[in-house]
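Here subunit A shows up in two complexes: once beside subunit B, once beside subunit C.
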Partner chain A sequence: MIAKKAGRLLGIALALAPLAGAQNSNMTVPATIEAGSAFSIPTTGSGQGVLYIVGPAQALRRDVQLGVAVQFAAGDLYNAGHYVALLVEGSSTDTAQFDVTPKSQPDTLSFFAEPSRVPVGLHNGISGTVYAFDTYHNLITSPLSVSFQLAGISGTPLARTVTTRDGVAWTAIDSASKQGSAKFIVQANGITTTRVIAEVPGDPCGLTISAHPDGQNLTVETAPIHDCSGNPIPDGTVVTFTESYNGMQSTVDVPVKQDVARVDMPAHPGATISVASGVVAGNEIRWGGGR
Partner chain B sequence: MIKGVMLALLMAVLTVVFLVIGTLSPVPAAVYYAGGKNLLRASSTPQAAVDNLAVDLKQRAWENAYNSLANKAEFTEPQFVQDMTGNTLSLRTFADLENYEVRPLHASADDAEMTLKLRWSTVVGPFETSRDLHVVRNGDHWAVDWPLVKIPSVPPQVIPVNYLRWDVIYRGPGDEWGAQDVQSPRIRIVDMHPVSRAEGVVVMGELLNEDIVPAYVTVSATLLRKDGSAIAREGSFDMIAHTLLPKQVTPFSIVFPNADISEVGAIHMDPQSVLVSASADPVVEIQNQKFDPGPGASLSGQLSNQSGQTVNIAHVLTTFYDKNGQLVWVAGQYVDRALLPQTPVDFTVPVPQDLAKQVSTERTIVSNYSSGNSL
Partner chain C sequence: MKKAILAMGCALAVAIPALADQPTVQVQPPDLHGSRPLEKLTESAVIRDYLESWEKLSAALDQNHVDLLNSDFLGTAREKLAATIATQAKIGIHTHYQDLSHNLQIVFYSPEGQSIQMVDAVEYDVQVFDHDKLMATQHVKARYVVVLTPAEVRWKIRVFQAEPQA
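Our next item is the complex of A and B:
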């Protein structure tokens, strides 16, 4: 709402600016002001007037005594952007323009790390984008040195230093070869923000099963399941067992528990039992009745 | 004005006439539903005895039905009711008998064999059950020997479960801007095949959860004309297993009623996934699957719940492939009985007869629901 009003006032101010520019200036406005800092606008002349400061997201109004500097306290003007100052005295308007720049020191780093889960060993699999903001949530557009660091559960942390451009810095980093939660840390001028990236195993590799009799049933179980980098497959991953016999078949989807998927199936002599997980197929065994 | 008065008088007279006719000569069904007994004929024939039993079942008049049986001494009324409604929450619990059909198989002077087909309506659609009945003559009337299906009770025991579940912490209102939410699970359509059927275009396929977390999945499809404009958009509704564990594959089927495949230039598939809390149990084994190519092509088998938790509603979803491994058809069937632990329950999934000859292999999964567990 305030921004809308300020925008409307800014439009009026910019429309008046060329007209007012032809008059003698009764105020002196600094070319740039750092967001949130105290400043003053000296005026000349005599009598009463009204000073308007209008920007893209903020507008101020002061009743002024001409000839006296108008004081603005720290924090009065804090939204970065291009501003217009209008000094209205009776029917005449004096206009000046200035910029409010962000503070140079970041206060918060908005850090977007993607994805939140990534397969291990993926080249440039993790991307991080950071936006630096000052105390007043202004995007700091001046160049700023930002360091990215990806620290996994083992190995040397990967680090990059990037300079922001127009307030943004980004990088891409390979995921580690070992699974686990990695901390993706971004740091600039002592400000640190952390995201957690889960580096997860890939598809099962070398899926194998064995079977042994258990009464009327066969207990079929996989060997400990790992991906091709040797990382254990997480619990809950579904493994499908299929037993084919006498023109019939039995199937069951079993979740991995403690690295192994296990199921009891009817023992049919001559049955073939196969295993798969997702799009990965494993070995096939033939049950001979006692083997 | 005069016409209006005449019309009102005419309607009043007709109402009185119909009331008199209805009172003096009521429709038998209306009498029955009003509490009378006239819908039931005397059980003077085997057919009449079975008809009367079916009418009682339709009215859920369990006491009347039980008392009419010839072999009621062999079981109790609660056992009979359990046979009809199940002893635990299932589709049968709230099913209504929509209609029935009696087929005589054999008859003599003292006994007869008849098939009673019962068509039930449920919230997920109709299902049909069939009982072969032995009907015996008892003096001047006939009565049914009810073939009670005794539901085996699981002996009291403790089934250890290495309980595995996932819980999710989502982004909260206090989180800063830039603190992204947990990522949606990665899913992929691994197979897709459109076919033209009498009812319209059917888009079938299989969906894989590639991630290490459970996913709630849906699939929608949009048929596009050759110029790129949309013909129709439909979703898979219940013809999919919505909760997919990591690396689990579900078939899906999307029907576009009255669509013509010759108008279709492209199909836009839209799989969606949401990270949800889920449980890895119960595990249901699909045993003794046998494909019968027909006539009346179907896949039959048994579901065996290997966990200790009762599955109240099970939905069997089967993908049928040809000899080259190409997808031929996706079919589904709800199971009307609850799956008690380690107690096999039969199922039959019908297959269109014209596609049956192409079927070489199949893959079946079970989507399940347990009361008190929304997962």
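Our next item is the complex of A and C:
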């Protein structure tokens, strides 16, 4: 029984012996390396070997002199990720794993701002998302303070400071009350990126029409059209006039010109005339023949 | 084709047992911190596309064939993987990645819907071949940070980056 057990252990020992004997070179790999920084991997042993550094993000192969530290210059290994290192000498292989981490200083801010045109006075109407990358286009996953600022043509700029989480920060900001181009600026560690947001008038507010006779027709026109913040509605905005009489209905679309939309319609006594623009309905008037 | 993703978004993580040479997949509930709400169908599509991308990644790095990346990777992620493949071909090596398990969590969905970020505590085996001679097999545990963006018919990976595990 004992002999049988000893024989089994001896068998295991013999099986392991060639591997252990072949392990005559070793390396010492840092646990983490900052992307693009110089580093070295000390080795032991003698003779020639081959060092492989392999990961999905990058691959390197070096012929090395064992017993001497393998030097990597700045910029040799620059893509953040998890790497496997293999030191091969004949049938002997020493292995290690390590991480390359992003640099902490951002170089590029990938900034998505939406929408490019937004109505004024819209709560959380503008959103911004930013991803921070280092010189080597590695996503900087350590927390980073990012400031967002929306600067319009008037008023105090709106500003927010957000800390990135896994490399991303975002915010939502109200659009201004006045129309115009606004600069949406994101900044981190001295790196700035800007997007331009067109803040345009909102829907018409208090849309009203009046009518007066012009021969056989009525001239129907709106009062100057503004949004609820007092911004004039841009030229070209379509206003729809509808005239109803004796069960008939006629509709005319007219673009706004210099704040007003105007149209000539047949003067049918008893006709009802209404106005709308987009989803906004205005007043309704009834033409009584002389009124 | 990876196994179907089931019952995501529930209160508890869902584990799906491994079939032969297919990874086990766990999906944690999203942790979006107030960004855009995530529909379950979107979550399923993102995870399905991400898991499929591991197959393409493995084949591309195994065969040193850059074009295999095109359907699943774009931008920085594709450029870096393509550069790795070019280097592997130049120095005469290829690598075989076999993902064994994924523990996934979506952590951000941008307000405008243009990007989704996910973290994956993944385990895989990597085999390194020098001119088809197997040099070593290593078991790896890593945390991947992944950013995906919607493309024509699927979510594609724009950032694919491992970082030290906490």
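Note that in this section the second predicted complex is superposed on the first by the 228 of 291 C-alpha atoms of A that agree within 3 Å, B and C clash if a C-alpha of one lies under 4 Å from a C-alpha of the other, contacts with A are read in each partner's own complex, and residues count from 1 in each chain.
As a convention for this text, contacts are C-beta pairs under 8 Å (C-beta built on N, C-alpha and C of every residue); 3 or more make two chains touch, one makes a residue touch a chain.
For clarity, every value in this text was computed on a predicted model and none was experimentally measured.
Visitor: Could you check whether subunit B and subunit C clash or fit when both are placed on subunit A?
Guide: fit
Visitor: Which of the two partners, first being subunit B and second being subunit C, lies in contact with A:Met265: first, second, both, or neither?
Guide: first
Visitor: Thinking of the overlay built on chain A, is A:Gln58 touched by subunit B (first), by subunit C (second), by both, or by neither?
Guide: A:Gln58 contacts subunit C only, not subunit B.
Visitor: In the superposed arrangement, which partner chain does A:Leu139 touch: subunit B (first), subunit C (second), both, or neither?
Guide: In the superposition, A:Leu139 contacts subunit C only.
Visitor: Quick check on the superposed pair: does A:Phe111 touch subunit B, subunit C, both, or neither? Answer first, second, both or neither.
Guide: First partner only, subunit B.
Visitor: With both complexes superposed on chain A, which partner does A:Ile191 reach: first (subunit B), second (subunit C), both or neither?
Guide: neither
Visitor: In the superposed arrangement, does A:Ala172 touch subunit B (first), subunit C (second), both or neither?
Guide: Only subunit C is touched by A:Ala172; subunit B is not.
Visitor: Can A:Asn79 be said to touch subunit B (first), subunit C (second), both, or neither?
Guide: second
Visitor: Applying the document's definition of touch, where does A:Met248 land relative to subunit B and subunit C: first, second, both, or neither?
Guide: The first partner, subunit B, only.
Visitor: Check whether A:Val200 is in contact with subunit B, with subunit C, with both or with neither, and answer first, second, both or neither.
Guide: first
Visitor: For the superposed model, what is the least distance in angstrom between any CA atom of subunit B and any CA atom of subunit C?
Guide: Minimum C-alpha separation, subunit B to subunit C: 8 Å.
Visitor: Show which residues of subunit A both subunit B and subunit C reach, each in its own complex.
Guide: On subunit A, the overlap between the subunit B and subunit C contacts is residues 112, 114-115, 131.
Visitor: State the interface residues of subunit A toward subunit B in the complex, per the touch definition above.
Guide: Interface residues on the subunit A side: 108, 110-117, 131, 193, 195, 198, 200-201, 203-204, 234-240, 247-255, 257-258, 263-266, 277-279.
Visitor: Which stretch or stretches of subunit C touch subunit A in the complex?
Guide: 33, 35, 57, 61, 76, 79-81, 83-84, 87-88, 91-93, 95, 97, 107-108, 110-112, 114-115, 117, 119, 126, 128, 130, 135-136, 138, 140, 142, 145, 147, 159-164
Visitor: Which residues, counting only subunit A, touch subunit C once they are in their complex?
Guide: Residues 31-32, 50, 52, 54-61, 79-82, 84, 86, 88, 93, 95, 97, 99, 101-102, 112, 114-115, 127, 129, 131, 133, 137-139, 141, 165-168, 170, 172 of subunit A touch subunit C in their complex.
Visitor: Residue numbers of subunit B touching subunit A in their complex, please.
Guide: Its residues touching subunit A are 162, 164, 166, 176-180, 182-183, 190, 208-214, 245-249, 280, 283-290, 301, 306, 363-365.
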